[in-house]
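Each of the next two complexes has subunit A plus one more chain, namely subunit B in the first and subunit C in the second.
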Partner chain A sequence: MGYKRYIVKRLIYIIPLFLGISILNFSLMHSAGDPIRLMTLGNPSPNIGEVRENLRIYYGLDQPIYVQYGIWLWRFLQLDLGTSFYSGRTVNTIIGMYAWETIKLQMVALILALAIGIPIGIYSARKQYSKLDITITSSAIMGISIPIFYMGIIFILIFSFYLGWFPSFGAHSLQELRYPFGSYFLDELWHLVLPTVAIAWVSMALYIRLVRSSMLEILRQDYILAARASGLSERTIIFKHALRNATIPLITYIGISIGLLLSGAPMTETVFTWPGLGYLYVNSVTQLDFPVIMGINMIITLIILGVNLITDLLYGIIDPRIRYE
Partner chain B sequence: MSKDHTKKEMTKKAVKTSKPISQWGIAWKRFKKNKAALAGLFIEGIILFMAIFGPFIAPYPPNDISAFMEGRTREAPSWDHLMGTDYTGHDVFSQIIYGAAPALQVGVGAAVFSMVIAVLVGSIAGYYGGKIDTILMRFSEVFLVMPAFLFLIVLLKVAMTITVAGFGLGLTILVLGILGWAGDSRAIRAEFLKLKEYEFVTAAKCLGASNRRIIFKHILPNVLHLIIVLITSSIAINVILEAGLSFLGFSDPNIITWGRMIAYSLEAIRGAWWQGVFPGLAIVVTVLGFNILGDGLRDALDPRLRE
Partner chain C sequence: MPRTILKIENLKTYFNTWAGVVQAVDGVSLEVKKGETLGLVGESGSGKTVTSLSVLRIVPRPGKIIDGRIMFKDEDLLRKTEKEMQKIRGAQIALIFQDPSTSLNPIFSIESQLIEVIQQHQKLNKEEAKEKAEILLDIVGIPDAKLRIKDFPHQFSGGMKQRVAIARALSCEPSLLFADEPTTNLDVTIQAQILDLMRDLKSKFDMSMVLITHNMGIVAEMADRVTVMYAGRVCETSSVNDIFLHATHPYTVALMRAIPQIGTEKQKLQVIPGNIPNLINPPSGCRFHPRCKYAKSICKMKVPELEKVEKGHLTACLRWDEIKKTLLKERERAA
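On to the complex of A and B.
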């Protein structure tokens, strides 16, 4: 079977996965409470029952759940995620407003974590059991033990409250006057520093451990010995021969960690009051805003499925030993 | 496994006591040499002690707000209140001690529960193979791919709606367990796939052992070391997840948890840092303990995996 057929097979395979996850989410969400009751809470109207009934019909919540799901799916296929119960705006608009902030934050953090984590991991593997290696591995295990939200709080305390270097909340300054040097871009960067460093700090620890252990295994193999024997420079051996094989587990892990970070966005974004999908998600769940909950969850599921697909396809490019059968 | 090493140890032992030494004995010897792992065990010992004897060692009862009556809320750490007081006058140090039990219960409970599912799915899929394997692994893929933390939030919201008086820790354990088994089940399946081709399984089959007996009596004991290592790291993950969920407010409000203490501290963390920093340290120390314990157990039980 060729590469193209493999791609088609994977794409088809995504469909039942997506349907399964969306059905699970839809039915769970609908047992999370009655949004109509929440909306009319404390309403003194004497004919409250009638009001509720009308609202239920208005939002389409009076139909059986499988009909509601069918309608949702039909609209989803036409790229329409419905309308928020509360703000009255379409979910597409709302997600469009918030998604960029989340993607920006996670992308910068991921790049930072990889740019620092990979070299440290390689160094640590080359100097195994040296003092620096032991320091690195013990700080890495410290790193994976810190919850991201706690790291964020510590950063805010030190760098925002006591030193006053960075802002403690939001993605932009509220007034244009407060932009550093009057530049919008610099203001964005200024707000990005603390949250990205907090996220990168924790995920970097995982990358260091991963790169170190796979490099250690690779450096012991015969082909590295052969490369050394043929007099190649250390730089060529590490970066051209060893690192290429170490990228395979790395890519798998990057794929997994994008999913984990996106799904953990509620925690990070709550700490930094970051106007992203995670922050929006927590608010929507407390308000029982069904279309928004469903929209965010499905967008993130689609991103994760897409990342998984890309990971699978990258294997074939990086590792010629893999055959698609 | 380095056979020479084991043999040397065995002969040494044999000369001294002339008693046979088990695999577990060898693992324990290796474990004892690892200082970091012993430190992890020690930390967890302290946390466990706090969890069991909390009411006896905590200086103040859980609902004590005498400091509030004296107008000493949000007071900086002092000899009276080692870690200060919070906004209603609770002693932070005592609250941290009371928070140990829920953290351990959820962490260990969820890890064990998800491991039971993982062992059942992984062993059946790995042993029988074929169609059963395909179906079970497709099923586990749903759980691997879905954004688990987002689902956790919705599930706990459901729990908060259907229970009026507070849902306790059981539901958090259940929910974390249901969403956390997929990765571990794959590791166990892989081990079963390998082990079922071994001679001792063929021998058991020839003697007429049933499939159930082969899975649970013959193969499972050989996977036990992997299960122990996986459980330890899964406890660490579950403690972090539980802290995150209660930080966001998706936990029983009647139970003191470290995550909830941090959440409450946020509104005045600028002036009263001790309210949030100390509970967070408790989380970090507990998780760190399980992580180094897990690394140590892996090195001791399965030296092939040593880095």
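On to the complex of A and C.
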């Protein structure tokens, strides 16, 4: 079949795409500012010019930009993302530390949003214009309209500041003493509640609307009426005939959002001081920590390209009309 | 005398929309006798399809059956529970849709769609159901049924898809088949093939059939009796011969005259002036009166009941007696 050839072809396409994106990122980053000046800001030393020159040579920033890019690319191909200007640790180590927290947070939130959003969307479509449907759709519009950073702050204010039920920042308690029942796992869950609910709240609203509208569209189709006319049960009709058709737009959207979510949703992580990629990203950008910025950029790029490929392959599994050439 | 298999009495199916209540089917009564083909004729929007969906009780929202009785084999379908109806749908009463390209689910194979219906109503395991599905495809004239059963709907032509849809409808050997304009979306040569097939299958499976159409040619060829509908009501019911030769309801007469005659001298196509009325706010009295050239003031006020013209011939016109005489005169003059 054309399946394997299609995958190989897509993987080859990734190479020029990746090069283009990395060149664009590299040059944009270099025009953002001078990290050496930022590092030595306010330094009263009389021979500051010389210090800066030495630092530039030390970090390799004295070379022309295309040479710097070449060196970066050569190392990247050897899976070496360089060393942070500030912490002195390798970028691989840093990203490894932060990425897990992002994956954990975003995946839990995604699963939560889907597990609640899909059934509600189906219900809403089946009972179109009922009182509950109108309540659901209007709250969903509110959910979409409220930006996550605002929602997050409100959550912290209510559940952390006033009620004191959940911690307001971080992924772990700082002291082991504060672990609920002394369990590390429960401590993780405890910290996960507020940020995941805030993220899920907003994305769930999108999934409800998406599922509702595609289900409405599908339930109007002749083949659903034909399935009813054949005496199939309501369950088979909804969950087999209708829902499987509705998964196609759903997968498209999940694919897009996974790419964005794994980049760490910088705003959410900043609001909750969540030690993930988004938080790291914001910090690295403000410090102009070039190797870390490039590292995160490239990880995000690869994830998005990979998820795109997987989504396209999933279409073919669900819809037999899609063929790969 | 043939027994009645389906008797609809005073069926009312309304749609509650934002704009108002659409009286799509408003007091329809008709009868299907065992073994016969009833042609259900009328313009688009006259309530033919809604009537058939009402019988299966699958009228899509916001439609609702308000009143009436639907006697199928002497049992009122409107009194059955949803579970009981599921056992009747597809097993005893089946439905073929107008557009075969939309009535099959695009993402499931023909095999799975047929097996699903077969297993829903018959205690067969997957292997047996598959065997039965292959036999069915063979019966409806799909070549290489054993190979093609694995295919998906988009791999079939329109006519072939309709054959598959027929196979699905017949999979549980129903005693009554509703065919809702089964050939409208097919080209003419395929139409004839499908109609032939349906006629064959009807006698093979010993079914009664309601053929919904607006093509009088198909009616003449396929039906034993005809029921003409207009704006959600029945105008006239009679044998095919009477409809073509002795129609008494002005709408039926106009419908007959609107059929283009091939072979006669060149003449303007006769049309019925006006449009089918808005069913949210239908005309008072006889719903056809605004377009009827025989209408008198009484037609605006009184709702006509179905009256017996002769045995097996009913008409819902207040003035059918006078009109019959007028028509006779017109015919004599023409001759």
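Keep in mind that, in the parts below, the second predicted complex is superposed on the first by the 321 of 325 C-alpha atoms of A that agree within 3 Å, B and C clash if a C-alpha of one lies under 4 Å from a C-alpha of the other, contacts with A are read in each partner's own complex, and residues count from 1 in each chain.
By our rule, a residue touches a chain if its C-beta (ideal position, glycine included) is under 8 Å from a C-beta of that chain, and two chains touch if they have at least 3 such contacts.
Small disclaimer: the values here were computed from a predicted structure and weren't measured.
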Both complexes share subunit A, so when I overlay them there, do subunit B and subunit C fit or clash?
fit
So in the superposed three-chain picture, is A:186 touching just subunit B, just subunit C, both, or none of them (first/second/both/neither)?
neither
In the overlay, answer first, second, both or neither for which of subunit B and subunit C A:301 touches.
first
Return first, second, both or neither, reflecting whether A:319 touches subunit B, subunit C, both chains, or no partner chain.
second
Quick one: angle from subunit B through subunit A to subunit C, Cα centres, nearest 10°?
70
So, does A:142 touch the first partner subunit B, the second partner subunit C, both, or neither?
first
Any idea whether subunit B or subunit C touches more of subunit A?
B
Please indicate which partner A:310 is in contact with in the superposed arrangement: first for subunit B, second for subunit C, both, or neither.
neither
Looking at A:65, would you say it contacts subunit B, subunit C, both, or neither? Reply first, second, both or neither.
neither
Touching A:17, do we find subunit B (first), subunit C (second), both, or neither?
first
Rounded to the nearest angstrom, what is the minimum C-alpha distance from subunit B to subunit C in the superposition?
10
Pick out the shared contact residues on subunit A: the ones touching subunit B in one complex and subunit C in the other.
none
Taking the complex as given, what residues does subunit A use to touch subunit C?
128, 220-223, 225-233, 236, 241, 244-245, 318-321
Seen from subunit C, its contact residues with subunit A in the complex are 53, 56, 58, 60-61, 85-91, 94-95, 97, 99, 102-109, 116-117, 120-121, 152, 154, 165, 168-169
Flag every residue of subunit A that touches subunit B in the complex, lowest number first.
16-17, 20-21, 24-25, 28-29, 31-33, 138, 141-142, 144-150, 153-154, 156-157, 161, 212-213, 216, 259-260, 262-264, 266-267, 270, 281-282, 285-286, 288, 293, 296-297, 300-301, 304-305, 308
Interface residues, subunit B side, partner subunit A - complex
36, 138, 141-142, 145-151, 153-155, 157-158, 161-162, 236, 240, 243-244, 247-249, 262, 266, 269-270, 273, 276-277, 280, 283-284, 287-288, 291-292, 295, 307
